[in-house]
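Below, chain A partners chain B and then partners chain C, in two separate complexes.
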Partner chain A sequence: MDLAMIVYALNLSAIYALLAIGISLLWSSIGMMNMAHGASFAVAGYGALVAGDLLLPGINAALQGSALLPLVTFVVLLAAGVGSGALFGVLIYLLAFLPIHDKANFAVRGLIVTLAINLATVQALLWWFGPRQQALPNIFGFGRLNLLGVPVRYDQAATILATAVLLSVVLSWLRLSRKGLEIRAMMQNAEGAALSGISVRRTALPVMAVTGAMAGAAAVLLSQTVYVSPGAGAMPLIKGMIIALLGGLGSVPGAAVAALLIGALEAATGVIPFLGQRMVLLVQFGFIILVLIIRPRGIGGLLDETRK
Partner chain B sequence: MSVVLEINDLSAGYGPLRVLHEINLSVQRGERLAIVGLNGHGKTTLFRAITHLVGWQRGSIRFDGTEIGGARSLGEGRRTPGIVRLGVAMTPQGDAIFPGLTVRQHLDCGAWSRRAWKERAKRREAIFDLFPPLRKLENTVVGTLSGGERRMVSVGRALMTEARLYLIDEPSLGLAPIISQRVVAALREIDVMDGAMIIAEQNVSLLDGQVDRMIGMHAGRLRGDVGHVELG
Partner chain C sequence: MTKAIAPVFHRVGNRRHEYVLVPQGGDVWRRARLPGVGRHWLNWRGTYNPRTLQRERRLADKRPLWWLLGLGGLSAVAPFLPDTLLQVAVIFAVFAAINVIWTLIIGAAGILSFATMATVGLAGYAAAAANVFWGVPWPLMFPIGIAVGLVTGGLLALPSTRIDGLYYALLTIGLAEICRVSISQIRALAPANSSINNVGSFIPQDWYLQRPGLLLGFATAMGLLLLALLMFRLVNSERLGLQLQAAREDEEFSEAVGIDYKRARMAVFLLASAALGFIGAYYAMLYRSISLSVFSLDQMLLMFAMIVIGGMGRAEGAVIGTAIVVVIDRALIDLGPLRIILIAGVMIAVTLTTHRGLADARQQFRAWRNRIKSERRAARTRKGGDVMPEEATEIADRQLHAYRRFDKRLRDRLKDMVTPELIAEHAAAPLGPHSDALSRVLNYFRRGEMPDKYAILQDGPPEAWVYSVLALSGEPGMPPRVVDDRSYATRDEAYHAVFLLRVNDLLES
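So, the complex of A and B:
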């Protein structure tokens, strides 16, 4: 295993972790399996695209030739993706959570409603933007950073760094803030939380916005290697969901560990000669099925406070 | 004396099962009331109906003049935070409602009002004075505590914000006699001056002399308002 492969694995893991932790967090705090997470991902990609078209010419003119230009571009695109992801999260909250969250069988109903939102959103994006794949402006060029003798692509370095920063912000928000305490209380016992005056409706809104924002960040970071298109959310949704399952649905540390594992597995499968890139999905799913047969509650099942 | 809680013709249950049958009850300000009865006769369901946690309910529940009862089409638990915020504090049956939080975080969860949250350090101290064994365990995860300690945490959480109605469900359930006596003694120390406290309990002798009034509960109906009794 050479070092460049480890960087590639970390790059994949970072994006998977953003998606899987969002899905896991939603399930454990408000008991909703968010099938529209892929739509948040696609919407955020287009949000960044539109913001880029509107704002970047001006920024380019203002900062002509400045060394700050790539950084400013990156921040603008990331902020646009995060913002539109969060807004879409709020929309899902209004459509799929608020009306049905206290009805019987909310888990199944939520699954169906969010799946419908996912399909409708993909169709709406197709109708508005057309099926053409579009690329976000290339932010970092094609240069490489030489890190201890390992060539690291700029976008890989930025992805790993940005994910690490975003995840530590989200996790410390969960650990340290009052809202975070309420969310963790709700994760462990929804009824006990209600008896402590914690309203599910008020707590679910920031959770939906934050997980949407995480999907948006993943969309912008991944768009450096994959094009933005209406159906772009399907694969991230599926991978994020199975990684969340592998991590033990509802466990944040479990999802992080699972993302690292799957990222490493994907990178390793790609370079093994007789498997190669085309066998990646087969190996990934095989591995996940194997783990879930041995440990049905996933990796995080024993680690911590998951929803029963 | 004014009335804190006035229940009229309250029926409640889960799905086709009807647990409470036209309950009438009124609780005076400053009163400590015990509802005693066997398992499965509706004590817990009565508490859960007051906090809207049963499957269905109908009948009037007036809390300090505000109607919090009535039939509803909404799911269980939807109105619970609102009722808690009116000043009803309930400790649910069983323990450790948030097993993964530390004692300190667990107590902070109970401080829902703005003032209580600001004063939470002071209030935690007051809880530790009431339950001295908790002081050493401040940073321990609640899931690893013993049954008695968890019960203290559970009661402590309900005391973090001042309430006008305390609903204490089975304070002695699953505890050694000496520990349940300590919990009941601590309940006795809680100041309910402008509110009231209702304790649901099976063990009548444990509450001997600790409450102002006892009511029996049998098959979903209140039976016999016995007032204060001294048991030999």
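So, the complex of A and C:
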């Protein structure tokens, strides 16, 4: 096991953590399983693509040869991805949360509606942009950084760094702001929070927007290695969901640990000769089933009885 | 001399003659029964119609007729359909059968499993492989499919005891992907792109994709659907299903009365898995081949859309949803990707508006209409009468509403008639003669209800009677209660005291 593999594993883990924490956060705060998270991912990829097509020529002309160019490009693309992800989150909020959140059977109905949104969005993207895979402009170049003797690709380094920054921003927002306090109150006891005057509707909107934005960030970061395509959201959705499950739905530290574990497992499975890249999913599922049989509510989750 | 009086009888009321009720109860009970078991074919009920005053026979459950109309209609039309539509009908019947069995797993057993197509596909692959590579004759593919389905179901059932609900659902979503990857790794299948072709079948080789082959395919697919429905009926409405229904309503209670619901759940899951295995073998035979596309995620999502649109947990829901989605997906194929968007739109609309899918929409609409109706009725009665809105919905007898309203109006008019002069007139001569106004008031008092009606108690020695006022309880055996401790020397005074009490009651009401 060499050090380059650790970097690769960290890179995967970072992106998975962005997705899984979004799913986990949404489940624990408003009790909705967001199956449209993959759609947010795909939409954000296309948002960044369109914004890049529209804005980058101008920026390139303005900052010709400047050292700031890659940074500005990165910020523009990330902002476009995050913005379109957040907007899509608001759309999901309007369609899947607002009409039914106080009706009977919300958990299952929310799951169904978000699933339908996912289906429709993927097909709409396919219809509008066509099935062709498109690449975002390469931001970081193809160089390698030599970090303490370990060769690290620029995009890997940037992804890990950006994820760390984004996650710490989101988590400190949750920890320190007034809205974050409301969200945490709702996570612990939704009824109690409602009784002390926390509006479920007003709290759910920023949660949806933030989780959508996280999916958008993941999309832009991942699109440095994977192309943007209409069906691009399916794999991140499945990965994010199984990591959220493995970490215990609703537990943010659990999701982070699970993301690290799964990222490491994926990197390790890829290099073991008789397993290879094709068996990655199989090994992951086997691992998750094993963990869930030992701990039915995931790594960080508590059984309902224990929680009571 | 007394003179005999010839009595004159007048017809009372507007009913011209007494109705003679002919119940003909025997008719209700002469119902055909299923041979072998004591059950009836149709749920006939004998009722008494309060409008026509006739005894009637009513079909309490009309669903069998709808089933006959729908499936029978499709079967009757099928031979005249063009080939493409006939293929759509075949796909409908096969998917409807799968969805009915899946409904059994989700609805009756309450296990949110998405491994349906994985089970079907695995059984199909095993049966096809047995036929093509080991030369097993086609009728034996069915038992192979059933066995593989049972084994898959058993393996799937193991974690379901530990992992519940959503966790299990999300795990089983991945199972189809695992199957797809594993089968694509098999080297022997690699030349044919991981599919198995030229599977032996009940459809002869030279009929395949020809008109007689399609018709035979449709007939067997319909038979499969009927078998699936029969299985749904036998499992869901008999002992296993009833046990599970009790468990769904209250797990602790059903456990306390001795229902081993976990075992029942497993039994239903295994039975359904075996049925899915059967369908898998049938699927491989119907198309004479099986490919990796049975495991595709999109296919599974479409099937989920089917049972969601129809309504989870009911056989008719599974069939209706399958019909809608298959028609949009296969018959409107010119629309391209738009048709998936259409399906998703239908899915969202149905989920947002109905509680349990389209199959339940009629009941939901009726409940809504009844609520609106009772609200309107409550508003009506509140305006004119005495019936409070919350009470109005509980009084079934509409005549009582009308009477209360009439009574309210009457009292309002009588209140205006009560004046000091009227009371003075009564004090002067309690037993009359009375003026028109006073006799109206007294008439109203006289037909009051028995509970709390006032009475006069005559007490004491015969030479010095003392009168006091009582109120009757209105119930046989219950003694009257004393109203107050006043006593009156003459009977007229007592009469007047009762009158004052009643006037007081009237004015207070």
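Miscellaneous remarks
Rule of thumb we're sticking to: the second predicted complex is superposed on the first by the 301 of 308 C-alpha atoms of A that agree within 3 Å, B and C clash if a C-alpha of one lies under 4 Å from a C-alpha of the other, contacts with A are read in each partner's own complex, and residues count from 1 in each chain.
FYI, a residue touches a chain if its C-beta (ideal position, glycine included) is under 8 Å from a C-beta of that chain, and two chains touch if they have at least 3 such contacts.
The structure presented is a predicted model; accordingly, all values stated were derived computationally and were not measured.
Taken together through their common chain A, the two structures put chain B and chain C side by side without a clash.
Of the two partner chains, neither chain B nor chain C is touched by A:Ala62. Of the two partner chains placed around the shared chain by superposition, chain C is the only one that A:Leu115 touches, whereas chain B remains out of contact. When the two structures are aligned on the shared chain, A:Glu182 is found in touch with chain B, with no touch to chain C. In the superposition on chain A, A:Ala104 contacts both chain B and chain C.
Here chain B and chain C are compared by how many residues of chain A each touches, and C touches more.
When the two complexes are overlaid on their common chain A, residue A:Ser196 makes contact with chain B while staying clear of chain C. Of all C-alpha pairs linking chain B and chain C after the chain A fit, the shortest spans 8 Å. Taken together, the two complexes place residues 103-104 of chain A in contact with chain B and also with chain C. Put simply, chain A touches chain B in their complex at residues 102-104, 178, 181-182, 184-185, 188-200, 304-305. Chain C contributes residues 159, 162-164, 166-167, 170-171, 173-175, 177-178, 181-182, 184-185, 297, 301, 304-305, 308, 312, 336-338, 340-341, 343-345, 347-348, 351-352, 355-356 to its touches with chain A in the complex.
Residues of chain B that touch chain A in their complex: 51, 53, 74-78, 80-82, 84-85, 90, 92, 97-101, 105, 108-110, 112-113, 117, 157, 161. Partner chain C is touched in their complex by these residues of chain A: 33, 95, 99-100, 103-105, 107-109, 111-113, 115-117, 119-120, 123-124, 126-127, 234, 238, 241-242, 245, 249, 278-279, 281-282, 285, 288-289, 292-293, 296-298.
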